[in-house]
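Below, chain A partners chain B and then partners chain C, in two separate complexes.
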Partner chain A sequence: MTPITSPSASPGLLAKSSFQRFIDALMAGGYRVMGQRLCDGAVKWDDVRLVSDLPIGWRDAQEPGRYRLEPTDSGRFFEVVNGPESVKRFAFAPREPLLVIERSSKSFQATPTLPKGEKTALLGVRACDLAGLAVQDRVFLRDAYPDPYYRTRRADLFLVAVNCARALPTCFCASLNTGPKAQAGFDLALTELDDAFLIEAGSQAGRELMPRLPLAPAPEQFLAEAEAQAEACANSQTRRVETAQLPQALYDAHEHPRWDQVAARCLACGNCTMVCPTCFCHAVEDVPDLNGQRAEQARVWDSCFTQEHGYIHGKNIRPAVKDRYRMWLTHKLASWIDQFGTSGCVGCGRCITWCPVGIDLTEELPALLKKA
Partner chain B sequence: MKPEPVLPSPNPYGLHAATIVEKVRESDDIDTLRLQLVDPAVRKSFRFQAGQFNMLYAFGVGEVAISIVSDPDEPQKLDHTIRAVGRVTKAIQRLGVGDRLGVRGPFGRGWPLEEARGQDVVLVTGGLGCAPVVGAIEYIFRRRQSYGAVKILHGVKSPQDLLFRERFEAWRRHPDTEVLLTSDRPDKAWHDHVGVVTELFEQVAIDPARTVALMCGPEIMMRIGAAVLVQRGLPATALHVSIERHMECGIGLCGHCQMGPYFLCKDGPVMRYDRVAALLGRAGV
Partner chain C sequence: MRQQQPAKTTKAVTRPRLGVFKFASCDGCQLSVLNLEDELVALGQALDIVYFPEASSAMKAGPYDIVLVEGSITTSEDARRILNVREQARTLITIGACATAGGIQALRNWADVEAFKRAVYPSPQYIDSLGASTPISEHVRVDYELWGCPIDKGQLLRLLIDLLAGVQPRLPTQSVCLECKRQGHVCVMVARGLPCLGPVTRTGCGAICPGMGRDCYGCFGPAEGPSAGPGLPPNTASLASRFHHDLQLIPVEVLRRFRGINGHAKPFKDESHAWEDA
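The block that comes next holds the complex of A and B.
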């Protein structure tokens, strides 16, 4: 293939053997490049400088309550679909210092501690996580008080999507129209074929990078192959979430006996909320230094499964595990729609995989919507 | 890909220092603090509506949401009635005149006192949660001519829970004003009604066509009280309830103050009853 500069608007073809040049072009653009890398038997977002940093030769096997990496000889670069981390932490940090408050005699001075910008390219973002980021944008940026901390981190992200070629048993993005093909919200989107990548731009920043890549024009047959791959991936999904009756049907199910059954299994560990790409609850903590002259105020991820979440003086609004699971599921699939005009679920399936007891919302929802 | 640009706005977490200029002891664990913002420019531009709240910050301890009970037409004075029950409120209680607090606000939706002009107002409160309503009552009496009949129904468990006793007595002396008090567990000196606050409804005439009702207190009291008022013909849209939930951010982001689809820190704490009628009394909401 002769590397030529393709017109930036139409998809280009990048030979797999040239993928290092793609990573190099991102780094040359001033980005810290991060991708999903092998870590502790799963993948986690970390620095990627070389093609060999990618988890090539491995694939993830996921089912309710189970995650394993298995060797594969497919030779594909993005065969591992996802791990416990979505891309949420890159904009909504797990711990974000908000203010430093310094005492001087009897008064004090509060100074906001906005994060220092670091241009970051995320390589291999799945369509569900892009959808999750769009949901978080709605939460943090589109209300009366746009969040400056989130906005600062978010503005530094360059998102390289990878269209999914294989679905996990826990995936259900197709039923929510959030995947498996990235539709919006990316700078560049890759489709991995056997010997090459199709690359398309989704933003001005993406279009500007295209000419710096050794791209060939994409022949029709590759475009058709990419479409077929996405369609096969969508069709292979076995789980689904039916949203037609939401939000009302879930509000109406408030007294359903199924809540007791799921609560009997739920450990209230909060894993589902920690791996969820859209959960945004956080607590604000104040940390004074030892001599009492300086305090840092920070927000940290919180979970509606903790005892403190529903606390008010003299009572707990959600004392039972049943109350908390019902709060989480009803918020995610129903009240989220009233609050933000979008579902809080993007179909990534992480809450199913990372639940220690394998509670599966795609199973709970239809059971709750069925008359008891 | 970058989200669409949003207009730059002040950091909603920014704190302003404020001095405690007055401290009035209301009971063993309740004080009213009058705060004055230190920065003259901030003080000058600070505006609030009756029933809104501020996040008050005690250095090195944290923040707590406390409603502003003073008059919105004098926004340079910020009165907060605070019961010392938690970590932050106990730290605030230890502060005295001249000490400083952090202030962030104002936040939330307050009482619809402007819409209520020209109408009769029924104010129903229970227990110690009456501080936000006290602010509303004072607001009305400072503009007495603008409102019709005022009926204040207040219930306490025992007589020693009756705060602001002098104020209730003073309100009683206003024209076209009824103040009805009740206690569940009266002592020998109690001369008012005995029972729960909802029983007081039987003692007042209410013209459903020209009445706005404001309620603040335990959820069970508001739920039963609202049902009684609706039964007496008051439209659910003329009834407003102040609901308590844990608030950590004040700006609808931290998630703790949710009640069904609402974030009470920004959609409330005062909610029109028809919006929450189905949620009040629902377990775990």
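The block that comes next holds the complex of A and C.
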């Protein structure tokens, strides 16, 4: 688990030509290194062993309901900003076996099935996804009953952040103060410049790795360039979420006619919740065997957009799509604040891009806050 | 599951009798039963499989505790036969798109069957065929419906396990997208512009087609409830509009997306009608 500490004051400079040694150092540290790799027209987390495994020469174009990769000759290693997967699946698994329940003569025995640990270094985590992970940490780990499955997986993660140099039209982290520069929650953070990377440590594990890298001291001009790059990236963002009136303004908008309009478009397919870095809803299912002697219990990703999710004790409390979209958006942007002391939105824009019909919450929110 | 005695004794006494009946269909769903290779022996021990002509010529008369029905009703003889099957069945389960929604052969419901007969057969007067292919539920009461072309054998096994255990079976009605995302597939609609029916199609297949880079063609039928029951019909209108306005499908292509294997299922049927004169 990554302790939240202030980043080291003195970043090192790594020549781009030496980046393979960085990957090698992670692997030598016992980590399975995973990064975003080209797959089926997007990028997905997969094993990275060589620099050439990275999606060099490509960048992503995103807009509501549309994702395309396009070639670029920039030569940058991390020009693809993101794909459909945040880092959520590495701590909150899509399907997590919880228990094996076995019948013995007159009783039964339930054995927890904690995940097997595997030290994993995630290479190229964006600031918004770090923020998302921090939100999930509050959900799964705070208070007296931390979730042991989540905790086990989370403890194995070594997070290598990459500060964003380019914003997508769907990005709005700057308005939520979650990016584009990684502030906390990483082990190492990279800033990609044209010919070199700036590397700074954000945790003890990160600081321990630094001496094993061929680093030079970072000249002042590079630090200034990194700052300028982050600022330009923030300034280039065109979407934003205005939080000043939240949460109350959304509670007041409970009967707003806009909900009907968005419900007419919403498919209730649940894609927005699946790609959201903070959505944590899950269902628990039992898978018994034919003899009635053994059952496995597992936790699977669920969504507040499904019919089953709104079903409680003989009644569906969210029968209509309108009820479900309102529940999701109100929770994400408003009641999440009451519940966890933070917004449930980190501004990654995935719910906009991966909505099959391109519903855009940065468009819905202002419409809902406007008097009908 | 809940009984206190050792399971062995219980099974010997009350092994439920299973019958498998076929109507207008390709037999693919029955083959899905036989494809439960790893579980077939245990299934044969848990159930007394007494009528399954696809698998065995030893056929015993009813009544049956559990009946699986494959195929749709397309002849007047079958329309009478299903009444008899229902009478003999304590629990009747339809397996597959044909039995549950009329199947691909329900495309005849938009055509002139008499013209087909004359075009295909030298002596069309011998062909006894109804003008429409209809699901079992339009003829008799159905206890559970399994969708798919073919069904998912794991879903069938799970349903049988739940019935054997005496618990209410869970048949998820949510969209294919949830499973697609759990498995980490890249969305073929968003990333490649394919007209995927996954967002309005019922889960259960394991998101096979998007996992192979193909757009879902709705073989598990409409997500949620087809107009009746606690569920709502899926928002096919919004998806269809996206197909037309953003993915550049012309109206007849939109119509054909919905008028496929489950074209007779009401939400898909209604949507295809909406594009007839568009």
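Please note the rule applied: the second predicted complex is superposed on the first by the 362 of 372 C-alpha atoms of A that agree within 3 Å, B and C clash if a C-alpha of one lies under 4 Å from a C-alpha of the other, contacts with A are read in each partner's own complex, and residues count from 1 in each chain.
Everything below uses one rule, namely that contacts are C-beta pairs under 8 Å (C-beta built on N, C-alpha and C of every residue); 3 or more make two chains touch, one makes a residue touch a chain.
Predicted model, so just to flag it, every value in this text is computed and none were measured.
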Which superposed partner A:H282 touches (first chain B, second chain C, both, neither): first
Touched partner set for A:Y67, first chain B, second chain C, both or neither: second
Partner chain(s) touched by A:D302 [first = chain B, second = chain C, both, neither]: both
Partner chain in contact with A:K106 - chain B first, chain C second, else both or neither: both
Chain B versus chain C as contact partner of A:P84, first or second or both or neither: second
Chain B versus chain C as contact partner of A:N271, first or second or both or neither: second
Touching partner for A:G124 - first (chain B), second (chain C), both, neither: neither
Which of chain B and chain C A:P11 touches, first, second, both or neither: neither
Dominant contact partner of chain A by residue count, chain C or chain B: B
Partner chain(s) touched by A:D40 [first = chain B, second = chain C, both, neither]: second
Doubly contacted chain A residues - partners chain C and chain B: 106, 285, 288, 292, 302, 311, 320
Chain B partner contacts - residues on chain A that touch it in the complex: 98-99, 101, 103, 106-110, 112, 114, 137, 139-148, 151, 154-155, 157-159, 184-187, 202-203, 205-206, 247, 251, 254, 280-286, 288, 292, 295, 297, 299, 302, 304, 309-314, 317-318, 320, 322-324, 326-327, 331, 335, 338-339
Interface residues, chain B side, partner chain A - complex: 1-3, 6-7, 9, 11-17, 38, 57, 59-63, 83, 85-86, 98-100, 102, 244-246, 248-249, 251-256, 258, 260-261, 263, 266, 282-285
Contact set on chain A toward chain C in their complex: 39-42, 44, 65-68, 83-85, 89, 94-95, 105-106, 264-271, 274-275, 285, 287-293, 300-303, 306-308, 311, 316, 319-321, 353-358
Chain C to chain A touching residues, read off their complex: 1, 3-4, 6-7, 39, 42-43, 45-46, 157-158, 160-161, 164-165, 170, 172-175, 177-178, 181-193, 196, 198-200, 213, 223-225, 230-232, 234-235, 237-239, 241-242, 246
